[in-house]
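Okay, handing you the structure first.
Letters A, B, C and D name the chains as they come in the text, with residue numbers starting at 1 for each one.
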């Protein structure tokens, strides 16, 4: 394009619009959850106890902290502290990896107990418990996928920051990646009590 | 179309006439005004517009309020008449309907099953419906009633036939290849005919044929050799068929075993060229006796000596106290899937893995404690007091579990 | 354009918000150990809403954005409520009337 | 026509040749690429539609078997909905016009715009591959209802994935348009001066952003159910088959407003131009677009009165359905009032616009019968619904699309088609259309269910009439497209404002140059429908 047009607010607004679409995407799964919960409240409580609160709690901490570090990274670049910003980005990615590893151990434990979609052992536990675990796997799976995408996005932006393509004057890219990252913190804030903490 | 004096049709028709009447007036009005304007203000006659009005608040309010009032009457009339379609009169005769690809089955309070819906004239009928596979929809245009049948759920419609006659029932929810052929009828009979129909009939018809008709099998499978969406049942005994099982194809001669499998578990072996769309018929749907009758009818053999009923044997001999049939663990291994699974056995202090077959089952029945499935205790009593025929019946039965 | 950037948020604010989030998380876990019946889910959702507004307004800078952004969020939440709420018009009343 | 005769954005590009198109971020080039693909897809789906009508000319098999028939109407529906009608006006004409109409040089995110075209074309390719691979063409109907869609052996996964991609393309377009309208209006282009077409695109874009993801997740769940046996909609495993219908229609009902609203915008441009009179009730028209978009998101379950849903839901959804009829009625009355005391020229775009009003009125009024709970019990899932749907979508959006082609193609090619032939084609289309779909509505009232391959003899006469009507329709389409094609290649050259219209796109050369406006950004000083002093160019 011959005339470079720059509109940072527009870019942020576009990102927010995109985040809305992500929220609606997840809301489909939350609708299924809500309906099933109202149908099988007892079974859901039983199934929820089979999940490990410690895994879930640890992951909550990890995600909240990563949200903090990426928010700090944005402030850092605004104030021109490139080095701090880079460190904070890499810490965020590190936390994302911790989150995924944690998830991996949690899931392998459950799968080894025969709890996974389509398993016979799960089917034997009745429709309520089955529906809980089916939804749990798909919601957490979709969430995990997005965490993976978000971490990759931050990695790309961090490299660009190192190459001075993201600068204190021009940091919308980092800000938008941070917005994306916060969203999956948000989703987890709801996911955690709904799946791990029902009495 | 049939004469429509029945209550449900009248409730719906009144709403239809009301809405279509208003719609016609509005449509004619809109069209007439448009055509008049287009002719009256054509450019050759009016080279420049004679008004530059940007709008008129009063008019906007007028044509917001007026349509609102009209549509609200439509809504209310439509809703109140709909309630009439949902409130079933107290004295209604309840008939259960089961929809499956692609047939209907109606079950009367006395247990009688039919593929057509026979009803007495003048009595409200409540049809309580469900589906065993996918969504279908019970649609009787003459009564203006329609409701989907949903697997795992019960839905209902009600209607009263006011005149004797035969009225179509369509499936209105798309359900696959045979959707358009999933047609049956409501046979409205006057009191006398209905009385006669509802007498238990001593049928000269073979039991197997009755079952085939009751279950709606003939909706897809012809009895006269004509081709349809499913293989014909004409002259089956000994006929050769190309089957596809998994990825493998083979040619077999049809026998009773094959027919048994083909009805209980139709998805496992397919006749070449046909899609896997036949629903399995379990014992709740067709009892073992009825199934045998169907097979005998199709194979053209008489029922000389009744085969021992394996399920009954399992119950009578207490087998089910330890072995479940639904996959749950009681004391011994479950019967569910026993015919298809591999087991790890301890035999003479050694561990071996085998695939369950007829031989193994015979051994396990007659000398149960010589080979023990890993993880279970050697405590089963031998069933050597059963006759050979009974053992064979059990083996055959278990293999198909 | 001047309206395109906003002043950097000091580190201190973010850290305080983070601490608040941790405390709220601890509260959710603690409350979930007390049997409140059906109320449990609503308390959990309430705390989660507070947590998410903290994230949205501070971490995501919504506080500093123009009215358009806030209005957009409101529209989205309204539509979301409609989608979930109106689905329950069916689910809750099945077989009731 | 030699390429060299086309000027403006057809020639100006940083890259030359095919890459100049495939890598172009110019909104007009992307718009033209969309237009080409969309018309191609439309013609493919028309052929399938004609095949369906031909099959239904008589009971029993005539030209195909039941499985082929089921696949045909499924593919017809999927292509028409996802590949033609949803992107038709927003993606093609929206891209071509939106930036020019608000005085911008391009959309907010030009690269995202190109990406969304790539999503579209990949979705289209996947849809085509789905027909010829796997277990055969999908046979679920475009609605993918469970449990049938999770049980059939045909190639549902790929088709659902294609629809998912197309949804993504639609979302990106929506994000782009909302941001563009908020951020890139020219100086003086305040909200009260936005052309109605922009208003409707704005309302549409919000629906695209907020409703489409629901389709995405629903289709993903169907795929997961097929691949992993997830059982989320399986009653035996704690699922609920009716819930699928909720999720599906939460998107797909607002989607019909994605389809119709931009059409209404097109009509709101054309009627004032050919009456040389301001659009009557500008704000009522603008706000009713937003009202339709919002209220349209509240009525999805009126597709489910017979599904086994609760009666409470039927009460509320039926009520809201009637409410959503009101803004549409307001629009029709305002269009007609715009004609009053105007100076009406019956040029081809105007004829299509008037046909739109007539067809859409029938479609809308038929919708009232379907919205009323009692009447819907009889009409639901009959060919009346199919007829109603085609009255709004083909008679409405389709005719609006044809009107837009006749109105704006001269702008973007700089050449005019033959008016006489265009009018003959219009007459054939209008007649053929009404014969076809009025018969379908009538046979639906008689009780013929939809998606029927075979039917009882009572239904034959009207089915035969409908099939004959479809042939008239086909002749009209061939004539219209041939005429437009010839016009684009070798029609008379036109000036920048052949119709004497007042919106911004008519104040730039035909075809518009790259970046639309010269060195200076435009400054808007008057509304979009003020025709005093505007002179139409001779052609």
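Here is the rule we use: a contact is a pair of C-beta atoms (placed from the backbone, for glycine too) under 8 Å apart; a residue touches a chain by one contact, two chains touch by 3 or more.
What you see is a predicted model; the values in this text were computed from it and never measured.
Asker: Which chain wins if you rank chains by how close their C-alpha centre is to the centre of all protein C-alpha atoms?
Answerer: The most central chain, going by mean C-alpha position, is D.
Asker: So, comparing C-alpha centroids, which chain is the farthest one from chain C?
Answerer: Ranked by distance of C-alpha centres from chain C, the top chain is B.
Asker: Please report how many Å separate the Cα centroid of chain A from that of chain D, as a whole number.
Answerer: So the centroids are 36 Å from each other.
Asker: Per the centroid of Cα atoms for each chain, what is the distance between chain A and chain C, given in Å?
Answerer: The answer is 15 Å.
Asker: Round to the nearest whole Å and give the separation of the Cα centres of chain B and chain C.
Answerer: Spacing between the chain centres: roughly 46 Å.
Asker: Can you list every residue of chain B that touches 2 or more other chains, as numbers and ranges?
Answerer: Touching at least two other chains: 86.
Asker: Return the residues of chain C touching two or more other chains; collapse runs of consecutive numbers into ranges.
Answerer: Correct list: 68, 76, 79, 83, 87, 91-92, 97.
Asker: Please list all residues of chain A that touch 2 or more other chains.
Answerer: 7, 9, 13, 17, 20, 24, 27, 31, 35, 39, in rising order.
Asker: Touch graph across the chains, line, ring, star, complete or other?
Answerer: If you draw each chain as a dot and join those that touch, the picture is no line, ring, star or complete graph.
Asker: Which of the chains are touching one another, listed as pairs?
Answerer: Those chain pairs satisfying the definition are A-B, A-C, A-D, B-D, C-D.
Asker: Okay, in this complex, where on chain A does chain C touch?
Answerer: Of all residues in chain A, those touching chain C are 6-9, 12-13, 16-17, 20, 23-24, 27, 30-31, 34-35, 37-39, 41, 53, 57, 60-61, 64-65, 67-68, 71-72, 74-75, 78-79, 175, 178-179, 182, 185-186, 189-190, 192-194, 197-199.
Asker: Which of the residues in chain B come into contact with chain A in the complex?
Answerer: 327-328
Asker: Give the list of chain A residues in touch with chain D in this complex.
Answerer: Per the touch definition, chain A meets chain D at residues 1-3, 5, 7, 9-11, 13-14, 17-18, 20-22, 24-29, 31-32, 35-36, 39-40, 43, 117-118, 123, 126-132, 134-135, 138.
Asker: Across the complex, what residues on chain B touch chain D?
Answerer: It comes out as residues 1, 11-12, 15-16, 19-20, 22-23, 26-27, 30-31, 33-34, 37-38, 41-43, 46-56, 59-60, 63-64, 67-68, 71-72, 74-75, 77-79, 81-86, 133-135, 137, 139, 141-142, 144-148, 150-153, 155, 168, 170-181, 183, 229, 275-276.
Asker: Contact residues on chain C for chain D in the complex?
Answerer: Interface residues on chain C, with respect to chain D: 68, 75-76, 79, 82-83, 86-87, 89-97.
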